[in-house]
Amino acid sequence: MAKKEYSFYPGCSSQKAASASNYQTSVLTMCETLDVQLNEIPDWNCCSASIGYAGGGELPRLALSARNIALSEQANPGQDIVATCAACWLATKETQERLHDDSSLMEETNQALAEAGLEVQADGNIRHMVEVLIEDFGFDELGKHVKKPLEGIKIAGYVGCQTNRPFGIAGESFENPMYLDKLVETMGADPVENYDKKVQCCGGALAFSEPDKSQALIKEIIEAAYDGGADMIVTPCPVCQMNVEVYQGQINQKYNTKFEIPVVYYSQLMSVAYGAGVKEAGLDGQVIRATKLEEIARK
Amino acid sequence: MSDEMKIGAYICKGCGIGDRLNTQQMATIAEREAKANVVREHDYLCNADGVAMIQKDIDEEGVNRVAIIACSRRAKTEAFNFDGVAVIRGNIREGVIWVRPDTEEAQETTQEMAEDYTRMAVFEARYQTPPKPSGQAGRNPHLLVVGGGISGMTAAIEAAKAGYQVTLVEKEAELGGTAGKLFKRVPNAHPFKDPMDTGVEALKAAIEADDRITVHTSSTITKTSGAPGRFSVDITRESGETITENVGAIIQASGFKPYDANNLPELGYGKSPDVVTQIELEALAKAANGGPIKRPSDGKEVESVVFVQCAGQRSDKEGHLPYCSGFCCNASIKQAMYFKDANPNVDTVVLYTDLRTPGAGGEDFYRAGQEKGVIFTKGTVSEVETGGGLKVKFKDLILDEDTEAQPDLVVLATGTVPNSGVDIEEVPQNEPGEWESDPNSVLNLAYRQGKDLPLLKHGFNDSHFICFPYETRRTGIYTAGPVRRPMDIQQAIEDATGAALKSIQAIENAAQGRAAHPRSGDLSYPSFRKEGCTQCKRCTVECPFGAIDEDEERYPQFNESRCRRCGTCMGACPVRVISFENYSVDSVGQQIKNIEIPDEFDEKPRILVLACENDAYPALDMAAMKGIEYSAFARVIPVRCLGSVNTIWVTDALNTGYDGVVLMGCQKGENYQCHFVKGSEMAHYRMSKVDDTLEQLNLEKERVETYEVAITDVERAPKLINDMAETIEKIGMSPFKF
Amino acid sequence: MSEIVATNQTILVVGGGISGMTAALEAAECGKQVILLEKNPSLGGRVSQLYRYFPKMCHPTCGVEINYRRIKANRNLRVITMAEVASVSGDEGNYQVKVKISPRYVNENCTACGECSKAVEAEFDDEYNYGLGKRKGAYLPYAMAYPQRYVIDPRILGSDDAGKAKAACKYDAIDLEQQEQEVDLNVGAIIWATGWRPYDAAKIQPYGYDRIANVITSVEFERMADPYGPTGGKILRPSDGKEAKDIAFIQCAGSRDRNHLKHCSRICCMASLKQTHYVREKYGDDGKATIYYIDIRAIDRIDDFHRKVKEDPNVTFVKSKVASIVEDKATGNPVLRGVNTEGYHRYENPHDLVVLAVGMEPSVPADQFPADVTINEEGFIEPTSQGAIFAAGCSSDALDVNRAVQSATASALRAIQVVNRVAGMEG
Amino acid sequence: MSNLNTQMIEKYRNSFLREVEANVEEGEWVKMCMQCGVCSGSCPFGPHWEHPPQEIFMMIRAGKRDDVLTSDSMWMCTSCYNCIVRCPRGLPITHIMHGLAHYAHRLGLAPKENPTHKFAIKFWDNLTRTGRVNELKLGLALYFMNGFSEGIKTSLKMKDIGLGMWKTKRLSPMEIVGGHKCKDVSGLHKILAKAREIEESKAQKFSG
């Protein structure tokens, strides 16, 4: 397959020494195998995620994403913008659609962008990395690169919210998307069947401000994974990964549980299956080590 | 074809009949005992060869009564379809071999069953005449429409478009009815977004332009007599001038009157001029003609309006309507749009409990109302205060709190009351020869049973049948529009068009002497022997369709084209003077009599089963198809309706030595399923009287049972027969065996 | 099928459900020549799969029987089953219709004796029971089917079963050589009565029809309540066959929802109210029903039925669109989550069984319509102002049986107007 | 009471619904709710809302301005979009909730002590400073948002998490002094200033 190029929007959490830096590491490893070239949008800014609304009004928030799109159009013309973070993808895609559909919003946004000498068209595609994998490669192709099948690992595919709603992945349902399960299978591991918390909210950004309420949700997500016999949880979203992984200690204290389940990214599974080592797969970034994956990575 | 009766009996050996039964023996019985003129067996009667064999006999031997002794009358009807002859079906497949086990010990009784059915078929054939139309009616392609609203005008136009003459009678001076008083109507086509023109002017113009339609305004019907194909109608103008028209069928589209809102003082009606009904709001909207609507009290432009849904409807309170009028939700949305379209800043609130905007258009229209800013609040109104500005007190059911609104105007969605004339249960008909027209009646029928159509429920003239919405209880008279059931304009248009079709059908049926639904196409009709008649009036009173009048000497007058051929009159007649060519006291009675009654000591009882052909008989057929067994002692005879069962059949059977009688009819009572309305009910009543006869005969009451059987009672129907067999086993054989 | 005689005075009715049968019969009983096409092996359509009708609680089979009898008795009416319209050309008063007739592999010699069915071994999902049970590869679609003639499932062709079926028939009724035919009909007017199909419940993802065994549809529930249905009339849970006594009915399952069907399907509220009777009929005081609804649409005089159900202490009404259903894995109970909007009470209610009151979708998708008609956003045929293709019943709107029959009767007149004009007939 | 709030009360005396339509992001959708309640039943934080989304819509229609704008309900939105995808009428409920929250904040009516309110403001301030979120600063700001002693407690409670993140190089103490940022921060600030200006001039127009 020929090299594929995308305009890449990594987002704040993927930066060096940020909470999803290991995600970034594994994405890059995975892309190398798949011969994907990610052209980072130069000087991109934060999308304001879905929590910026209080301080930022509608137009300032749209302007943030519009700036990224404008920069991408300038630097990587004609390339689809690909985001790895669910919130980044969502905010950017929503902005693209709203500007595209509302000419007065478009006009006002460009008025604002003009202050920095920018202009946006917003007629390209904004895609999540998972979409790229499924639509531009497909499971068959993704499976062809597997060198070390992840045999003997049972994995709960936790899709979360914003990768799934409101746009979702084409052909998948909002309530029971199957792509992570298929991906897990493609990588040679066993998906947890009927994992019924796969699209439950983890509290998202409110994990900070409403920890008790969020952790109650996270607990259910983890519990259901254990009930399904999972060795680990896989997710496509940095917020999900962070929330489900790092609060396990607090949840254990609060609920007297003994959770210690690794939460990894799909890109980490793929990197390992594609033959990468622990470091290249970002597995050293796990607060709860994914030992079964590490074992395979070390083989 | 000669008039001489020639009976052909044809015994089929297919479908295992030949394997299970001695058909030769049956043939012998048909020939020797039942005296059929031609008797033949065939390996496979319904195939082309078998059918050709029968046709040949008809053509060459002059066979004119064909007894097919094979499968059920419900099977293979296409094959056994011969012109000009009476066809009788002896049921030895579903009726015998499929309900009996294929065992050696059952063989004897199974064979007896088949032999009896063979006799019965030939004897039934003997008492048949192929029905011919009576010639009572001619074709009168002219119909009367009563009521000049949307329903009536639509019916008139649609019938005229099919080539029929129409006389349209309207009591008001103008056509248009209620719709004529509307500013606009709810849309009937995509995108279902805005109120649209009522279409009344276009209908009026179409009527004006159509020379097949004659209109009488300011006129009422003062007398309707006759029958489908030959109705005679007196149309009287306000001036008293009367003309008489002859028509073939009638559509009653007499519409509705608005519910009297004076019954709703708690909602402020009558206390403030600013509390109006929906229909009154239409007048305000018409006056405004697209501009701002002004409130009646002081002419101020309305800035806020509250619509109160279900005002006096869906309620058990005295004086309220127990039903939903169906159209009011959409009507309020439309009316709220009147305000919003004139000025989007007018506040319009609809207070409802269930918003009822069904179908494709309904939901779109609801959404369109919301898009225009109409507010919908689920709530129940307790009171509208009128002292110094209106105050609508209501409970917001969603926010769960008592609250109030202070609009400029309140609109009450009060619903409709059908304009169905007089209730014939309450208002007796004049005695024969003493005609007087009743100003409250719509049709002023000269029928013995009363001046208007019987009502179904809540004063509506609806059909009781879900599958057959036009079946009123007066043949050739169809109701359409909101007199039939609550409905909106769109439905009224569909309804009126359908009613026009049924009227045209009634005209064509009457012209050929054919029965209407459910025995559609039946050419038989009841005749009676005047010399035997005792003028007891039972037939006149019990006919479910009011088909029978009385002449001045108090003899019954049968009106063939009003008759549905159910035979309830035949069942009613204590002196048995009423019969049909193909269905009579004898055609059934002879079957009953001509079976083998074994000796009392044979331990072989006989059970007569009279099963309604509409439901019970098909249920027994289906039981047979499923291999459900029943007693070999049963002899089942299908009847047109249990109402046609004359008690003589039952007493004759008992006298002949039958041990038990089972009657199977349809459900009676409020949710009756009897296709002839009262037949099953009458049968139950009459059979309760048979008990006396049993007592006289010194027989146990349990020997006669009457049941309601549904078509789905596939297991129950055979069980009822078996129950009777058990009963007989318990109480013993009949002592009346000869 | 050269024997099909049709002229520009013939009325073609497409679809043999209650609407099509009615339209065909009403026209034929006015003396018109009518051809009735049905794509299935039997007439009857959706109503033949219902246990009871609201509000009378009578059996649809009863009315269907009367209609079959009318059909048998009427020589103006010609029924062709397993037939579909491939294309329509021409114009009002003179249409050319191409009809594709699939082979039944059983000819008119069939006596419905059933021997072929006994001989065949292969079984397939029974369409009549919405796949809840099995039927043989040679079968009568249902006990009341008309024509009362067996069908060979094409899937057994070439197998031993095909031979066995043929051998079992003593009447030479099985003809495995039958081929698909195409016939051209010339007709004056067309009544389109292809009816509806239940909305695909699996698409309503929050309700887990595709994942939770004890979530079924209202049409399946009809079959279950029918004594001759797959459970013999017992209301049982698909997961474990246990009696389902506490049943939830979810309204607007796929209706009034821009994610599914935009329109209100009209019948579902009444159907669920009716089905609460089934629960009470089978389980008496042990039977409990809960109706989750947005608006109860018991329109017009049948609202009294609604009010009677409301008085039943064992029937509960919750004003709420259920948010989601999850399965309690220990009990198999579907657990309904949502908010009772009258006062905002959250619930998490387990039930034995959930019945989704699925909406009505027009049978023929708008883009697959073989003739030139105007179809609205909801997929229903709009009243035409030109041409002579008239919609009847649920191809014109979401209708209950009563209204469908009214609509069919009206369409019969519209068709008659056209053929009468063609014939130059004056009244 | 803020000046803007007073103006708005004056302008929309009779109709809070119209005020919402004119001033709240996606506010024109509120009237389209058909009261099914699926949003309220679908919310993962549903039990914590005093007034779930549908009730808020109904309250808006009923003119309960104060109750709505001072409510902490909207601040419970986790932006999971469950309500949006299930709403049979396609209301962008998530955005309406965000819009209401923002509007309440702008009018000065949002509950001051609501943690999400505070966090959301801090998040915005954090990201707009450099164009990119500084997770460490954001976290610390969050822990200390309820005062110093409360902050110490929270920090201690959260220290294991911080430690874990630091060990795995997903958090760096160095961020406190520098951190990631956009190169053209000034351009970004100009864009945001202009966007705010346009938005405020629109609000002025509505309220004038």
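A, B, C and D are the chain letters, set down in written order, and residue numbers restart from 1 in every chain.
Definition applied: a residue touches a chain if its C-beta (ideal position, glycine included) is under 8 Å from a C-beta of that chain, and two chains touch if they have at least 3 such contacts.
The shown structure was predicted, so the numbers you read here are calculated from the model rather than taken from an experiment.
Any idea which chain sits dead centre by C-alpha averages?
C
Which chain pair shares more contacting C-beta pairs: B-D, or C-D?
By number of C-beta pairs in contact, C-D is the larger.
Roughly how many whole angstrom separate the Cα centroids of subunit A and subunit B?
Here subunit A and subunit B have centroids separated by 66 Å.
Roughly how many whole angstrom separate the Cα centroids of subunit C and subunit D?
50
Could you tell me the distance, in whole angstrom, between the mean C-alpha positions of subunit A and subunit D?
For subunit A versus subunit D, the centre distance works out to 23 Å.
Hunt down the residues of subunit A that sit against at least two other chains at once, touch-wise.
As it turns out, subunit A has residues touching two or more other chains at 174.
I need the residues of subunit B touching at least two other chains; which ones are they?
355, 378, 398
Quick check on subunit C: which residues sit in contact with 2+ other chains?
Residues 206, 256, 319, 324, 341, 344 of subunit C touch two or more partner chains.
Report the topology of the inter-chain touch graph, choosing from line, ring, star, complete and other.
Its topology fits none of the listed shapes; call it other.
Spell out the part of subunit A that touches subunit D in their complex, as residue ranges.
Touching subunit D: residues 12-13, 15-22, 43-46, 48-60, 62-64, 67, 108-109, 111-118, 161-162, 165-166, 168, 174, 200-201, 203-206, 208-210, 213-214, 217, 246-247, 249-250, 284-287 of subunit A.
Could you pull out which subunit B residues touch subunit C in their complex?
Within the complex, subunit B touches subunit C at residues 14-16, 44, 46-47, 71, 74-79, 81, 141-142, 158-159, 161-165, 188-191, 212, 314, 316, 322-326, 354-364, 378, 397-398, 400, 457-458, 460, 462, 464-470, 485-487, 491, 494-495, 497-502, 504-505, 508-509, 517-518, 520-521, 614-615, 618, 622, 625-626, 666-667, 671, 673, 675, 710-712, 714-715.
Over in the complex, which subunit C residues touch subunit D? Could you list them?
Those residues of subunit C that touch subunit D are 206, 252, 256-260, 294, 319-324, 337-341, 344, 346.
In their complex, what parts of subunit D are in touch with subunit C?
34-38, 40-42, 46-47, 51-52, 54-55, 85-86, 88-90
Name, in rising order, each residue of subunit D that touches subunit B in their complex.
Checking each residue of subunit D against subunit B gives 14-15, 17, 31-32, 34-35, 54-55, 58-59, 61-62, 89.
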